[in-house]
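In the two complexes below, chain A is the common chain; its partner is chain B in one and chain C in the other.
For the complex of A and B:
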């Protein structure tokens, strides 16, 4: 890392020693888990570069944007509409929540029995190691699960720029009205922050930009239907993770480039795993960078992940936003329609999610499903049981995992996952 | 051709050598703090043409001996089918893991469940509790069967259960009664795991804890079906690995 970055991190108020340690661990984990994969698509080198510069060059870009008068907005959830952020001349970034950090300090503010993702978000703040969080002009929290909802009350004591968005929990007309009202309130807040009122043209352009990014991911997902799998689940997850950090247009190009390459692979019938290899869908909680624990175990056990039914995956990227509309209000309605379809487990009932899992099994010719639940994440852990039951009735093997970011259960997880892969073989 | 299976568990290592499905040799040793050294001891003087490893130490073996590996779940399933061809429900309680395995047609693993991180209700739990009550592991089960009354132990965590045992001792409870309470706690957990997957029928019980006659007895009482324990319940995994190797799986 260059000295420029060090002074940049220091200016952001990062704890340089702790941050060095984090980058050291991250780099080592990435090297071991990612760079050792066989026959990776050449296009992944872009994502390797992005990861190597995830706290470096990308942060510098954000700082440069800030210097040019643009605002940075950080979010923890796929319900925060990037279209609105872009249309008001701001940049949206996902905030760090995929690794344990400063746990002792975190447990002074949150109960031990809080999910790893929430604890991690606090750990990155308290440990002063997330440059995204520190560069953000606005941090958006959202009332999804009870854990996050209450945690934001405490996070508000640690930062002075937290904005909390309310979210419906039922897919009713009233629920939709609430989402629309909240997106309108968010629009005003963002406009106030940036001083750039959203226009029909700017919102339409933003919708196009975000749609292009999603369409590229859809293209990548479609290619994963192929047997042999042209890309590993590890790499596809990484692409889905970088979705939250990168410049949207550049990201779209990089994903499309990799898709061109994968199409060539498919023509040549080449892939990263042999044909007829066990194929798995991972469903459940989001896996934020650098939470690669489960996919690493699955793919080293010999199965290939062909789809993520997750916020970092299809739940987050499914459906495009309709670009047609003559007023900001009409376009906002299109945005609401798109986001209101997200099948997050905070909704009750949440039948769409089961349908989507079944659809994905069919579409990607999966042999089994691994339900990934973060410990103490009630919404997803509770949904896992009826999902497992329906899958059993349909004869689809399902392995229900409940874990966190620690490595203490790795031995048992390895045995369970390997046995599951044996079961699919 | 001689095919060997080696099961490297958290507490013991077993090796079984077979030829055309017939057992030729069985070896066993404690795992200790030096599994590599103990593997060498177990294999010393044993002749075989090929070997497959299972158990939590399988990857250690895979690297050191360039051998094939299989999970203990598949290996126990295979070994159980060999010893008891009607087996569909297998309970394996070892040193740090407990598993319930359901076999489908042809003996393929259909479903399984396994404890996910702590050693609650496993051999390690019984070992710590036996020591807390000053029983040897061998006399722990038979002593529990001599209990005069039923005490309920609520904690399943080894650490919490130990303090619960301490308070029962200080209350003046008889140690056989406490022992029974602890065995009941293990059985309640194991029976719960079985019931979640169980298609009905007898239970094939393997792993080190299957040597404990009280656990077997209480499981039969709880589930109201025969609980079958093979002569050497600890070698089922190694046998299964040897059979899978011989069958080319």
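For the complex of A and C:
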């Protein structure tokens, strides 16, 4: 690692020794889980590079942007509209939350029975190992689940730039009104932060930029319908994860380049797994970098993941924002319409999510569904039971998994997943 | 038990054998925990009678009301305004949720890691042992915590008369608007159910009735300031529990009668515990009948509970509704103003709750606080940590308890509570 990076991390207030350890573990895990995959698309080398520089070059870019007067906004949720952030001349990045860190300190602030994702976010702060968090000029929290809602009250004591967005729980007229009011309030807060008022032109451009990123992901998803699968679920998940970190235009190009390559593979009927391989949809909680435990187990068991029904996946990316509008207010309405469709489990009822899972099974010709639930994530764990019931009625095998970020249950999970994959063969 | 009751329960569809077992256990627990207390106020005999007839005479009364054309509405939350229910010529009752029942069946519908209160509500339904639930013409759910919010989606499959009320998460203008809109929608739904439109007069009368019930509880609370404590926390909790079941006017009279008696006791400087006894506030999750585990442990350990910061306690009862208003809409605004003050942990931020706990410590001259959290109740478990921290800063001892309805941890709890009481002495 270059000396430049070390002084950059020190300037950000990171704990260098702890951070070295984190990067060591991350690099090793990536090498073992990712670089050992067979037949990877050549285009994945871009993502390998991104991952090798995820705390290096990308952070340097953000710092350079800051030096040039641009603001960095960090978020933990797909309800934070990147369109508004970009239109006000700021950059949106996802914040670290995919690994356990400083758990002893975390459990002094949060109950042990809190989901791994929330505890992880605190661990990265308390352990001083997330350069994204430390670079951010504004951190956006949001009232999604009870866990996050209450955790932000404590996070507010640890950072001085937390902004909390309220969210509706029901898709009613009042719910939409609240979302619009909150997006308007967020617009003002971001404009105030950057000093750059949003214009029709800047918002329209931002919508185009984010839509292009989503369209590239949609193109990638469509290619995953093919048999043999042209890309592993591991790699596709990584692309979905990098969606939250990378420069949008560069990311879009990289994804489209992979898609060009995958189209060639499809013509040649070549792929990463044999034809008629068991095909799986993973549904449920988001999997943030470096939380690759489940897909690694699924794909080393011989199945291929063909779609992610997740915030880091289709739940986060599936709808585009309408680009047509003659005023900021009209464009904001388009944004509200787009985000109000997100079928997060915090909504009640949330039938759209079940419909989307069924649609994905059909679209990607999946043989089964693995419902991935983080322990203590009540909304997704509670939705898992009725989803499993409906899938059973339709004859679709479903494996319901409840886990965290530790590796303690890996043996047990491996056995269950292998048995499930066997059932699909 | 009279044959009349048995045929009434059979008509309600109860499982008579299971229900007999429940009443047996309930009666035994009540006898052991309540009737063994020393120096009980004579007025508690009314509540002993109520409890002995909680599934008997009170249900018969409700059935008689139904025969006379009145409707019964059941609820699980203090956000359901009794004023609106009474004004539309219906009766509000709390639904059973204080004991484990039919847990094997429950865990087929809800994750094991769901709080005891929610699992209990399902257990009473699946086990067919709650005559209140089976008598109800409408069951009101509400979007408070994630657990309840999602559980109502499953409860809707088990009952055909579930009405779900949306609730805000933030005390903003938008939050108040939502509460008002939801109370207006509830008013219409209740009016439609009963066929009795709410009038200024009926609503004003209903507000008076509910306020009288609350005022009686306030009077009782005030008397608990005395040293020696004139009534046990066990008995005061029971009064707060019966608040949800009994006929409002009769309840008000019974509580006031006890207060008359307690005033005599105070003049005579007599009480249920010695003077200078350690005094405790219990704060946190609601304790529904027959969940008397914690107060029983606290008071047999030699402390007296002088206040409940709980939905079954001051959180539920502490504010009155303004009776002044010339239209249904004005009175409805008063109702919204009153309920919007409830400092439920679903709100963020929820600083009022901490202030209320501090106020109660002062008012009731408490020596310490026991924070009662139901396992997997994220909102209260998460609030417990910052509350404990503030209390520590102020030198107020705080014991943070996390438990469920089982008796498995009773030995461990007893040891911890005894050590805590020792510390207060």
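Here is the rule we use: the second predicted complex is superposed on the first by the 425 of 425 C-alpha atoms of A that agree within 3 Å, B and C clash if a C-alpha of one lies under 4 Å from a C-alpha of the other, contacts with A are read in each partner's own complex, and residues count from 1 in each chain.
Convention: a residue touches a chain if its C-beta (ideal position, glycine included) is under 8 Å from a C-beta of that chain, and two chains touch if they have at least 3 such contacts.
From a predicted model like this one, the values you see are computed outputs, not experimental measurements.
> Could you say whether A:230 touches chain B, chain C, both of them, or neither, answering first, second, both or neither?
So A:230 meets neither chain B nor chain C here.
> Which of the two partners, first being chain B and second being chain C, lies in contact with A:368: first, second, both, or neither?
The answer is neither, since A:368 touches no partner chain.
> Identify the partner contact of A:376: answer first if only chain B is touched, second if only chain C is, both if each is, neither if none is.
In the superposed model, A:376 contacts chain C only, not chain B.
> Let me test your reading of the model: by the given contact rule, A:408 touches which partner, first (chain B), second (chain C), both or neither?
First partner only, chain B.
> In the overlay, answer first, second, both or neither for which of chain B and chain C A:346 touches.
In the superposed model, A:346 contacts chain C only, not chain B.
> Output check: A:170 vs chain B and chain C. Expected answer is one of first, second, both, neither. What do you get?
The answer is second: A:170 touches chain C but not chain B.
> Taking the contacts chain A makes with chain B in one complex and with chain C in the other, which residues are shared?
402.
> What does chain A use to touch chain B in their complex?
Result: residues 392, 397, 401-403, 408-409, 411-413, 415-416, 418-419, 422-423 of chain A touch chain B.
> In the complex, go through chain B and note every residue touching chain A.
Against chain A, the touching part of chain B is residues 56, 70-74, 97, 108-112, 114-117.
> For the complex, give me every residue of chain C touching chain A.
These residues of chain C touch chain A: 108-111, 113-114, 143, 145-147, 149-154, 164, 166-167, 169-170, 172, 174-175, 177-178, 181, 345-346, 348-350, 375-376, 378-379, 381-386, 402.
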